[in-house]
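Chain naming follows the written order as A, B and C, and within any one chain the residues start at number 1.
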Amino acid sequence: MDKVKIGIPRGIYYYYYGNFWKYFFKKCNMELVYSPSTTKEIVEMGSHLAPDEMCLSMKIYLGHIAYLQDKCDYILIPRIDRFDKENQTCTNFLALYDISKHYFKTPILNYNIDSQHDFLDGILNMKELKLSRVQCILAYEYAMKKEKEMKSRRENLQQQILNSSGKKVLIVSHAYNIHDDFIGSSIVKILKENHIQILYSDYFDEKKTNLLSKELSQDLYWKYSRDSIGSIPLCKEVDGIIFLSTFPCGLDSLVHELVIRKMEKPYLNLVIDDMSASTGLETRLESFVDLIEQN
Amino acid sequence: MNKISYPQLGSYGVPIYYLLTHVLRNEIIKPKEITKKTMELGSKYSPDFVCTPFKYTLGTMIESLDMGADILIQMGGGCRYGYYHELQEQILKDLGYHFQLINLINGGNHISIRKLFKEYPIELKKRGFLKYLYTTKKMVIYMDKIDHYIRSHRCYEKEKGAFNKLREEMLLKMSEAKGPIHLYHIYKTYLKRMKNVPLRETTKRIRVGLIGELYTLMEPKANEEIEELLNSYGFEVKRYTDVTYLLFQKKRKVKQYLKNFFIKYRMGADALDNIHHTKELCEDEYDGIIHIKSSFCTPEIAAMPIIESTAQQYGVPVLFFSMDMNTSETGFLTRIEAFCDMLEMRKQ
Amino acid sequence: MKECYLGIDIGSISTKAVIINKSYQILSSCYIETKGNPIVAVKEALQLVSIPPEYQLRGIGTTGSARKLIGLLLNANVVKNEITAHAVGTLTYHPDVKTILEIGGQDSKVICIRNRMIHDYAMNTLCAAGTGSFLSSQAKRLGVDVKDFGNIALKSTNPTNIAARCTVFAESDLVHKAQIGYPKEDIIAGLCKSVVLNYLNNVCKGKRLESPIIFQGGVSKNVGVHKYFEEILKEKVLVDDNGHLMGALGVAILSSKVPNPRNYTLDFQNIEFKTIGEECKGCSNRCELVRIYRDRELLDTWGSKCGKY
């Protein structure tokens, strides 16, 4: 019998749990199909489907699902509501499952995390895959171990950069923006060309950053926003901070605005819209680099 | 003694003012109605792409602070409305105002009553708290019932403005209610008087369902008074979203909706409700649906494609509006007029 | 004496007037620029159209963004929004049409027709991106007459990608592309293509575009945009020579159906129309009031939110 093919769209949650899933499903003896890095075609497919006012990141995600829809048996589109009261997610993410079901025919794995179901439950509930509980938990443990190794490697690297001399910039952003080829990669490229070292807000230990976010915002209750802004107090040594969001991200429009009001360092607020990625971006980044170099 | 103010939302200022003046010793400052100046103030100090309720409430807050308020109440949750207060507080403090802001619901969690009185300089009157709380609840429910009746009958009134006049009168009377029994009498009297308003005979009824984001739906200034406008074209209007629904019915309804498996999971804010209301309106053979929201309202954006395709299956037209501060009134009217023309033509 | 009817469509960019007879044939028509002053434009338009001697004017209809003002001044018997007017006009001349695509000066819309009735429609929501005024401002930027736009676009084999979602972004993108050194015809073709893509993604989202499809409005005169519509939709797209007049025609037709009509003349040249804008000081709403005068007689006051006027 052929292995079950599970499609993983390279967007949103991929950048948080992609590594975990890789090991988990491998251990469960399943084949993974990924959509390619975001291309112009994928953005166009997504924009064609999604309502005009939806944020670019969601449009891209829908584009990735559209690419995968006939290339796999199941698609993994997690539905994550909240981990606890103070760690909720964007309302778009709550609706992700039902929107995708509305647009695509491919079966979606039952993967739900909310106030009654934690991260492990999400995995255990993928009944379609006919995995035994023991098998699931073993694979979970294995994947978690791998995930931890990877994370500590990443963090060490970040720490090295922090301790090194030379100009450093922290990019505060959702992981699915900064690591996306369409949104973030050109920014990274321009900074590297200018010999700026980059720290990513999502490469720090999320447990630490989540708590530290309280320093900047008392009542913030979105997990991924907390994780990202919490990196700011950790990086006191950086020379500048770039806030990156996509147009029109509902959460970032509030959170970044609040944090910016408390900033003492040089900062740059970048909002990326469809297609506009290349224009003007270079100019803005280069002048920001100049500003940092002067200090 | 500190002075308290709260954001403006349609006619609900009447029960809120009633409650606060009756249970608190503090001076209560009635917020000004939303005017162009409120909007200008609000937009000026708001970030670019926050949703419009942020701008309206910020504008109202500035006006209230200028009138001397030093405690502001903000309530909200379910979507990013729950996070408004922290940024609004920061913006206003950066503007140099001194005040405290109480957020009653933070990220879906209610603030506890004990904490409220312990941490903020609010003083409770010793007597009658529960009585007035109950009266206020009833007032909201009665108001919503009357409004529900008005929306489906105002379009046939013979004398223009008859319903509005009665409604104004009723609100004034209600604001002076002595207690629940008195209030009930006022409600009954006005319901009877409204039922006696002379109506035009009609052969064809055209009914429009109004759904969407709650603030824009409930604040007439934010939706260009769409209900009156539709009524003036002779269309009956139905709206699900009101405070009664949101506070006292929504929880139960959402559980029901989720059982139907039409939508599997809870979606943000009222998105799920609106999808189901679309279905109900279609099954009830309404002639058209108008979906109205403030621009950049994320939960509704997610619901829109599902609403559209659901209505399409039943062949009911849907008109989508994204209201912003600078929505052009002529553009708005053109779209509404065309929609009404279309409904009339379809009816023939 | 035979009966005839006048329809005027006063848009943001252009004003169209047309006179038709009972069987909906065009007797006279004109197309001029509004130049921001609808009253002057209408006076000019009324000089350009003429009623043949054997006809008597029996109805006036107005449509377009200034329909209410002009309707009041001319005492029109029909004042209709442009969506209905367009649909009525188009359906009279092309009864089988199922989809009307319309791109005008500041608005763009799609109207779906089923059983010869408006079944559904949508209009642009966000901004004027991808409409006529957007195209002409970009033409000015590129130093090209907007009338030649279409023909220049046809010369291109490799249209550039232009972001046309928002006017501001589009403009900076355009300048950027021009500075990198893309040939002009590719940029213009890209602009035409982006107008089509933007329109289809924006206005037509979720709508089923069934053929026969007709393309109207000022921008329909642009052969480049027309070409890309056909290319992207993979359908034949009709363009009527009188496509730009459809709104005026529709409202003239509606005016011919009004019961108990009365006689009209076109003699408006000597009447002085005046509108005075002022800010009401009555409350903090500060409504912008518009008072409309005909020969010093106050006809109406608009714009008050409280209903004082």
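In this text, a contact is a pair of C-beta atoms (placed from the backbone, for glycine too) under 8 Å apart; a residue touches a chain by one contact, two chains touch by 3 or more.
Just so we're clear, the structure is a prediction, and the values are computed from it rather than from any experiment.
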Completion exercise
Farthest CA centroid from chain A: chain C
Fill in the blank from the handout: Chains sharing the largest count of C-beta contacts are A-B
Handout entry: Separation of mean Cα positions, chain C and chain B [Å, integer]
Key = 36
Handout entry: Distance from the mean Cα position of chain C to that of chain A, given in whole angstrom
Key = 45
Practice task
Check each residue of chain B and list the ones that touch at least two other chains.
Solution key: 305, 309, 322
Fill in the blank from the handout: Contacts with two or more other chains occur in chain C at residues 125
Practice task
Would you please write down the residue numbers of chain A that are in contact with two or more other chains?
Solution key: 51
Fill in the blank from the handout: chain B contacts chain A in the complex at 47-51, 79-80, 82-87, 90-91, 94, 103, 106-109, 263-269, 271, 295-296, 298-299, 301-306, 309, 322
Practice task
In the complex, go through chain B and note every residue touching chain C.
Solution key: 32, 35-38, 305, 308-309, 312, 317, 320, 322, 330-331, 333-335, 337-339, 341-342, 345-346
Exercise for the section: Would you tell me which residues of chain A are touching chain B in their complex? Expected result: 49-51, 53-55, 79, 81, 85-86, 88, 90-92, 94-95, 97-99, 101-103, 112, 114, 217-222, 247-248, 250-251, 253-255, 257-258, 261-262
Practice task
Within their complex, state which residues of chain C touch chain B.
Solution key: 65, 80-84, 107, 117-123, 125, 206, 283-287
Fill in the blank from the handout: Within their complex, chain A touches chain C through residues 47-48, 51-52, 273-276, 278-280
